[in-house]
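Written below as structure tokens is the structure these notes are about.
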């Protein structure tokens, strides 16, 4: 349950808005779209759905949405509006073109659901052009400053857990050790949550160095405690492809045989969890409220259970930190 | 991710503690037990697991637990320690007997995982006897003051959603209306979250009166919006058994045929969600920290993402309110 | 894996066919529709999808389908074409009207996916009018003569099991007894499969009388064997509503307290299982093959792993029996 | 529902049997163990559970099981008895040692649940030593002659489908192509079932050669049919590690960008499906029946829905073929 702020009235209510999803898709983008559309229609605002993110925006690929456009999508993974990574949008001229498209259609504002790169595009669009933008954090990685939770993170954690619960069946049956790679190039949010939640023997994340010796020592110690020879080590993918396979090779040099599982793209899809559906619905509806209250160039997120705004500039420039005490808990509990 | 407070050191570290689960079981009790056991052992504290809640405590049915006792339970529904609703514990003499049992075994403190009734028992036990207690909120209903989230709530919401996603297949195929009853005798937390997350046409909760005429009007309006004739209405069970069937009869008098589904006990069980496993793990470990820092007669919960304590007296006497703006969102989004 | 017969060539290939789903929806109807559509288009046959079963057929509510019409439906529960129970179709004049609709559109044949009542309608339609029909068994109950498996049965069993696995968490935690009612008005197929697969202490089906005394004796005996006081009894709903609640009352008179869970409509929906998707895909494609080979007035099902046809007259008149040795196994294994 | 044969009576009823699981674990091994144990106890036969397959057998690591030993395992993945790949068992002297262990404990017969290699060990054991053996087909790959279905195959198909349903969300949202590798070193059973059931654009299996040009042509054709640019190609892993990545490289040379997902070990674990629990329960109970009827050196499987025996010699020497018409169906339906 989120606390939804009561915003001051303003005369800034847009007549028409556009909405797009951008970057890697994440489960919950659909309920976020639904939240925006239903809330906007409720206030008498026209809504245009843009196809394929910024790529569609540039060429004006959008259609007006009504209440029925978002019926029966709340439970669907992926994004109804499709998504894209649009490199062209890094060019100011292309962003200007996008602004022209919106103005020609009398669209006052744009709501962008996506990750860091997508929100950077939104920030530049409004800075350079007279178009209001609101961002929503849509990524499974949870590595967005200004919000405790991103849309899709909870589902990704549950999907990874589901997979690891299955892998543990085999680990226990064969008394074997598995290295399971989860998503997270720059951050260990998924890995740490998954590690605590699956009872991992160890969690390896980009934020902390983990020596192979530490893993070997830890596992040896667990066996002494009578916990059996099986084990799961959760590894965030990090920035170097092949990290987990490399780690397995290093462990092999320490006489510790481990199998590697890379969970990969299954973490992006699937029906959004209840948590993500509620979060996305609240943020989608709030995005419209903030627009109507005259806000611009902000991301709407949730901090300490309160729906709140953060300037996009901060969102882009600052990094969300993995809480140290929280990470230590993952290591403590496996003992 | 929860912020875990750094507690001041104290000389109150218990030598031995007992842990029990009480009242209706909820998914996440097992990772909470694991959190307590592993954190306590880490600090050199002995842990006894009590079988069947207060019923087992009274007769001293408990065994010492080691690290391996809680291996491979983090993903299991129910409670390893079993649970019970112990009416006898309402008697001060019986509570005194329980305290004697603990003292005989040199146990300094008791951690109780359960709902309102179970926490009341814990509060009275420490008030009347020289036994420290810490409570943890374990119930799917989320109706506990002092914590934003209870252990099991998130899983129950997901389980109900899973069921309703299936029911919607039939609702859509037959263009029919379903009344789905979810748990919640005194509160509409499950119903409201589920209602937002499943895209319900209406949510009926104990906190607000919902007239049959309103439902009929709402559904007629939705059809005008082109949303089709199918629909899901989520109903919290409330205090009067048969509420949902009664509502179906009233709707029938308004020429609105609706089928009734009562989700019932499936909402209590199942593998805990990632959210509940992380919450339960944090609270379990924190319970030990608070004990060691000298706290007594408090419940450890999470407020605004921070692990925090609330006196059990307040927990028992105060009611957690359903946020009005949040509830209104459920009604807004179905339009 | 099904053995797919090689059918003799014929000059009976229809130019255009219609397809409809009728009666209670079942998971797998969508892949069956897809199988029909893709196989027909492959052979150069036009396909019309009829909306809402016989109700839509009568009024000519149908649209031509192409390959893309059935993209991304294989994993969806319910039926894309919607379904209905059409009482009017019991009238020969109405069936004649339906035949006229088909002839006006130059449609040579109709494929009907549904249960007993729906297949009876198909049989009468072809007997009275010069329209070829092929039936496919689409019902979760598995009570159709001429096929070992019906489309939707496997998914329904899995859905019920999922629910019961959750209920067992509570049963074990509280050492309590649950009566779980599954679908099956006339037959115990779901109940028996579910009973074997969930490790039920007892299975109650319409085909056999089960005395309350037998249940009490069985449970008492299980406790003597050290199997604990918890238990699941699976009950097929039978023809009298309230059967399971009645049974709970009778058990209460024998000092055996049991909680009642009625799984209800969740058994009809949900993403079809792999088994049902494969079965439905094979049967859908085979229906087109049999039409092209000149078959009429038959149902295509699977017997002993071979795709095969059975005259609709037999399908309607005969009853599929629950194998006695198979049912006895359910009772044997709980011991 | 399987037809369970009525076997002739014999005087061969063993006094005591042992049971083990061997090779890669598969979901359903637990209900198979339960079936053996409960059926044997029912007939008054002692049962010993051997830990870690042949490795445990050689050193006599086994314990007597009672009815409660197999309570609450029917829904668990993996194997209670643990499993192992025991290379030492290829040595006749080691097999002789195993026979000695059994004889010392007055055990007349051994039931082995596993794949090809495990059943070979069982066959040699009985050929060389006076120990009766019965094999049960336990492997997810379904590549065992003498049975239509192996224990674990249905669950593995469902697990792979679950993953691919999630991947398709991303494929559709990004209009991208995925190569998904499923298990199957020597056979395309999993790949073909998964391919039909997930609506794959193409299925690549060891039994048939698939040229990159064919894939490119097929996908180009699908786009012409209006089916969109997204796609799933299911690839059986085959005998050469890296096959799927290689295929992606070849496609890239044809200007077809495809992402690679390797499902890996998640396919081995997880709660067994209803189908696998019923199959395993029937085969487990039947294994005891066949032993009592005097059978030896056979595998009990299911053919054309009938529980039946096949000499282990045949099981080992013959290969089960992928039905050609069935495979062609996978290719037909994607069009």
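By letter and in written order, the chains are A, B, C and D; residue numbering begins at 1 in each of them.
Note that in this section a residue touches a chain if its C-beta (ideal position, glycine included) is under 8 Å from a C-beta of that chain, and two chains touch if they have at least 3 such contacts.
Being a predicted model, the structure only gives us computed values, none of them experimental.
*Asks:* Give the chains in contact with both chain C and chain D, ordered by label.
*Replies:* Where chain C and chain D might share a partner, there is none at all.
*Asks:* If you average the CA atoms of chain B and of chain C, how many Å lie between those two points?
*Replies:* 37
*Asks:* In whole angstrom, how far does the Cα centroid of chain A sit from the Cα centroid of chain C?
*Replies:* 40
*Asks:* Taking the mean of the C-alpha atoms as each chain's centre, how many Å separate chain A from chain B?
*Replies:* Averaging C-alpha atoms per chain gives centres 27 Å apart.
*Asks:* If a residue has to touch 2 or more other chains to count, which residues of chain B qualify?
*Replies:* 165, 168, 172 - these are the residues of chain B that touch more than one other chain.
*Asks:* Using the contact rule from the top, write out all pairs of chains that touch.
*Replies:* According to the stated criterion, the contacting chain pairs are A-B, A-D, B-C, C-D.
*Asks:* Please output the residues of chain A touching chain B within their complex, sorted ascending.
*Replies:* Per the touch definition, chain A meets chain B at residues 1-4, 6, 31, 34-35, 38-39, 41-42, 66-68, 71-72, 74-75, 148, 154, 157-158, 161, 165, 168, 172, 189, 192-194, 196-199, 225-228, 271, 273-275, 277-278, 281-282, 285, 303-306, 322-323, 325-326, 329, 332-335.
*Asks:* What part of chain D is in contact with chain A in the complex they form?
*Replies:* 21, 24-25, 27, 29, 52, 76-79, 82-84, 159, 163, 165-170, 172-175, 178, 259, 261-266, 268-270
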